[in-house]
Amino acid sequence: MIVVLKKSASKADLDRLIAKLREQKCEFLLYENHEPVLKILTKQNLLSNDFFLTQPGVQAVFRITPAYDLAARKSPDQFTSIPIGGRKLEATDFMVIAGPCAIESEEQITEIAQRLSQLGIRFLRGGAYKPRTSPYTFQGMGEEGLKILRKTADRFQMNVVTEAVSSSDVAMVAEYADVVQIGTRNMQNFRLLKTVGKQKRPVLLKRGMSATIEEFLLAAEHILNEGNPHVILCERGIRTFEPATRNTLDISAVPLVKDLSHLPIVVDPSHASGKRNLILPLSRAALAAGADGVLIEVHDQAEMAKSDGPQSINFSAFDQLLKSLRQMAPMMNKEVL
Amino acid sequence: MIVVLKKSASKADLDRLIAKLREQKCEFLLYENHEPVLKILTKQNLLSNDFFLTQPGVQAVFRITPAYDLAARKSPDQFTSIPIGGRKLEATDFMVIAGPCAIESEEQITEIAQRLSQLGIRFLRGGAYKPRTSPYTFQGMGEEGLKILRKTADRFQMNVVTEAVSSSDVAMVAEYADVVQIGTRNMQNFRLLKTVGKQKRPVLLKRGMSATIEEFLLAAEHILNEGNPHVILCERGIRTFEPATRNTLDISAVPLVKDLSHLPIVVDPSHASGKRNLILPLSRAALAAGADGVLIEVHDQAEMAKSDGPQSINFSAFDQLLKSLRQMAPMMNKEVL
Amino acid sequence: MIVVLKKSASKADLDRLIAKLREQKCEFLLYENHEPVLKILTKQNLLSNDFFLTQPGVQAVFRITPAYDLAARKSPDQFTSIPIGGRKLEATDFMVIAGPCAIESEEQITEIAQRLSQLGIRFLRGGAYKPRTSPYTFQGMGEEGLKILRKTADRFQMNVVTEAVSSSDVAMVAEYADVVQIGTRNMQNFRLLKTVGKQKRPVLLKRGMSATIEEFLLAAEHILNEGNPHVILCERGIRTFEPATRNTLDISAVPLVKDLSHLPIVVDPSHASGKRNLILPLSRAALAAGADGVLIEVHDQAEMAKSDGPQSINFSAFDQLLKSLRQMAPMMNKEVL
Amino acid sequence: MIVVLKKSASKADLDRLIAKLREQKCEFLLYENHEPVLKILTKQNLLSNDFFLTQPGVQAVFRITPAYDLAARKSPDQFTSIPIGGRKLEATDFMVIAGPCAIESEEQITEIAQRLSQLGIRFLRGGAYKPRTSPYTFQGMGEEGLKILRKTADRFQMNVVTEAVSSSDVAMVAEYADVVQIGTRNMQNFRLLKTVGKQKRPVLLKRGMSATIEEFLLAAEHILNEGNPHVILCERGIRTFEPATRNTLDISAVPLVKDLSHLPIVVDPSHASGKRNLILPLSRAALAAGADGVLIEVHDQAEMAKSDGPQSINFSAFDQLLKSLRQMAPMMNKEVL
């Protein structure tokens, strides 16, 4: 951190600031000519920008090291492998997580899981708790849905990825899930982040729809800091002025996160675009940009889906998508899982 | 709702859609020339846009009535009075809710409450649970803070406005609070919304930083729908590309919400701007635009504040702000509380 | 400017950077411990951030003085008076610029000008060149419209505010106008900015719909730098994710610009909101936030307007608006012109 | 277009609206039960939404056909080939346009052109007129630069892509250029669009940084409507809240534009990201998403570049990029040009 004092800062202002830094046992260098400048050398993640801006006499503060530490990549080839269902997701793997938006019935999930597993898919997604903008639409099947999901996944030797929406549900959801998902609206539900940080299952953390990449990595830091090292990040589109897509897929987030962090990052083109016909090109773009996987909404009868129908694809479109990804993967040194 | 079918829609597509609407006992009109058009007449809030877009043959769907119902204003002079501490907040009242960002100690909150009550302030704010972007910064005093806040407010005959961050805390927070606040990061924490909807305290609901006004009113609908009619909305700035302010205060939200809803709306210029010197002009603008109140961060020693220091104002600046609001209020047919 | 080198920067990197700065006769301080830090002391507006980031070994660069100079306020009470039609617009004035979006006919503009002048309005707006998103809608009357506008304004002793859309038109527009307007889509049409900077008429510069406040002031700098000191800034809403209004009025821009610059700033609530019923509350908010005026679309028969009908108000609504502003102005130490 | 009247609309309101539509010889269907609904059948691009919203009694208007017509794709395989330098750019081609941000000297451009042509590049970019945010930075070499660029391109049998910034320069720029570029800040400089629409050279039209895709295609419509059918669209990033990249590359715009229009679309990862290390992954993503080319800033000595240094790549990085694109192209049925 670089802290710049105002031209008008008094000797007392400077002394008070220095005393505060010493109190926190923080090391720094002081350059006194013209407006004084401090370079903070330690404890940078413990000091917020606001801490400095609040002090009288401070003009500006600039962060030159990230505010997160555990999530930061320390060397170019650092990669956190994620253990799921008895194997480890490595840097050369490309996960395809597929399934319906919501679990609707045992028949539905069985039909979908069977078809997906025939295509070689190992990660089955499906929501039992659905955060919905309106209180009047389908809110999910709850624990009953989780039981069906687990049973079906076991039958087809698949792994379950499903969302927890409240800290009080985490233990229960973790019983049924192989990966616990945190949704975009909960990316800064810090109580929930801490709770999933205290349990053992890997966490799939979706980027908040208005979160910066720094805030995204700080949300992961909340989980890591509680002791759970297994976080998979998920770029799912950010909110912009463009109305043609539900959100704007921030494809640059993929190589940026790869540069800044050792955590895997996957892409959700279904929620990012909200449009069925964009899923194929955006999935390809995700792989080409270096992502570690994709999350795809697949439904056997989109017209029957209780939620997210317009962005779900059917088996035939999914089969074509999978073929395209498998063809492109070797070029990116990836294997499609 | 207006539903437009594709030119290419088949008779079977139309029949299937009609059957689905009948199944839901939804009334509609059908215009069959050229692309068929349906006008939905009932149950519009039970049917999502996605429901229609998912059906084969549907080209577009447009909502001409809001998706919320309880939050919608039914007549020009409808206004929901909010009972707080033995009196009712009416349409002619302008609430000033003031206090520190976070409760830091009994001394701090006593000093602030005393000064504020001397200035005639009846609503004391202060956070005991602080949602913080980084896991390494001050997270609040928890229940201990709430006890201090309640005791201090009682001593100075003030009402407490304080935040709950998790559904499991709501009952406890409601014991100490006169108004339970839901923060911007939790505007779509639906579990939390439902829980505050089931208890008796009025709720101050902050707009999510990337929530549209429609989503904001739908979040209120989640609370109203559980039986709690007392929701105060709070505009606190939205996220945009402009870096000069922490957020962009959406001042137009005030008259828009007044038009669409019967719920009171207050403005938080402190979080909206993040800049101390903007609090006065933005508070005036809020009153001039028709707001029902403001939420102001006041700290006796901003340079000691454990959070949000740069946007807190001191007593002298607050006194000046209050004088200005009291001078302007009669012109807006408002009385400053 | 503060320039921070990378830990990995070599002695040669530092020497090359220093040589470049000396070549430009730029003064600076160098702090060599740990990563070297340079504080640039002169010529800061001649050096872009990119200049530094391009050099090998540079990690980050932070600007602590603005990139504009002529537009920057040097003392708290500095204010640029604008001479229009024989009098000067001072810091205590609040300009009301009113009129139709587009000049449609002599009858139309005469009817409007007469009514406005009866209400005491001295600034008549109206477009003869209309930048339109679609090539198929009304593009304005051109020079014929300007002639009508000038003649009508003279008849009612009003001043003309009208837009130039191309550098090749500026001389001609300036013949008919008292104030030459630069529209939001042209805020970074630098050729046009330079051309209006070389002529004598005051310029009303509208903020680009995605321009930061720094870019807005740099656009003004392009005009000032050519020798024309008379720039009136205009906040007219920025583009955000919110669909309920045409743009989002950035009300904070008013006090921010007042802080950063000596140039007057007015607000255009008509384009900002696109909604007739928001004009009154947003105009009040503009005055309350410290603006130096408003720009209002007024049309005698909005339903006949060839452009911007939905956001135009009629004479009766305008009369009410004017009364409200005149009542509030003394409180802001302003007189409505 | 669907036009919905208010419940409160009178018979007179409806009659007036119908009279207006007849006056414009516009065909429509009227459904009179409940709130009347009109379906507009012809001249939809001549009628703006505002035209309807301005009429008394109109509640809402929804466009179900695009406001552009010439730019709209009429059949799935429609593609506008672009003739450049004696050959036609087809749907199976992937253009690589490379070169420095600005022409700085004959030596510079010769060195770059020679290296690029050795790598097989046929499209040489370089700006002679640079729109710059600050008036104090390098503004380009002007016509002198264009002469150098033309001469150098001829020497290495390359085609010139270069920007015109004002309608008064278009004829002159077109003399030296094979493709005339319109920059992001001029996407809605309608005078300039019309002027390039009246000349013969193909136009590379960059998306405005806050333009919706509909506005982007309407800007192309301005050019097409003047008689020039050869427009290449360019996605170059949009402005969002994310500060980690200069802009946010809207990768979804590629497949969306392919769906909506027959015009080719290329991607500019250099301006989109502003970061050298993102150029490779974003170029790959562009190809994978179906783009018809990329625009890459290449500089032999980025640290000497007079503008855009941080996002320029050197020959070795460019060579690697080109190899990667050539390897991936066949999978997308594309050949790299």
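As written, the chains take the letters A, B, C and D, and residue 1 is the first residue of each chain.
As a convention for this text, a contact is a pair of C-beta atoms (placed from the backbone, for glycine too) under 8 Å apart; a residue touches a chain by one contact, two chains touch by 3 or more.
Note that this is a predicted model, so its numbers are computed, not measured.
S.K.: Check every other chain and keep only those touching both chain C and chain D; list them.
M.R.: Common contact partners of chain C and chain D, which must touch each of the two, are A, B.
S.K.: In terms of CA centroid distance, which chain is the most far removed from chain C?
M.R.: With centres defined by C-alpha atoms, farthest from chain C sits A.
S.K.: Find the geometric centre of each of chain B and chain D from their Cα atoms only, then give the gap between the two centres in Å, rounded to an integer.
M.R.: 40
S.K.: Centre to centre, by mean C-alpha position, how many angstrom separate chain A and chain D?
M.R.: Distance between chain centres: 32 Å.
S.K.: So how far apart, in whole Å, are chain A and chain B when each is placed at the average of its C-alpha atoms?
M.R.: 27
S.K.: Check each residue of chain A and list the ones that touch at least two other chains.
M.R.: Where chain A meets two or more other chains at a single residue, that happens at 210, 239-241, 243.
S.K.: Spell out the part of chain C that touches chain D in their complex, as residue ranges.
M.R.: 16, 45-46, 48, 50-51, 53-56, 67-68, 131-137, 139, 165-168, 185-186, 188-192, 208-210, 215, 218, 221-222, 225, 239, 302-305, 307-310, 312
S.K.: Show which residues of chain D lie in contact with chain B when the two form their complex.
M.R.: 2, 4, 29, 31, 33-35, 37, 39, 41, 59-60, 62, 64, 239-241, 243
S.K.: Taking the touch rule as given, give the residues of chain B at its contact with chain C in the complex, in rising order.
M.R.: 210, 212-214, 238, 240-245, 248-252, 254-256, 259, 272-273, 275, 277-278, 281-282, 284-290, 327-328, 331
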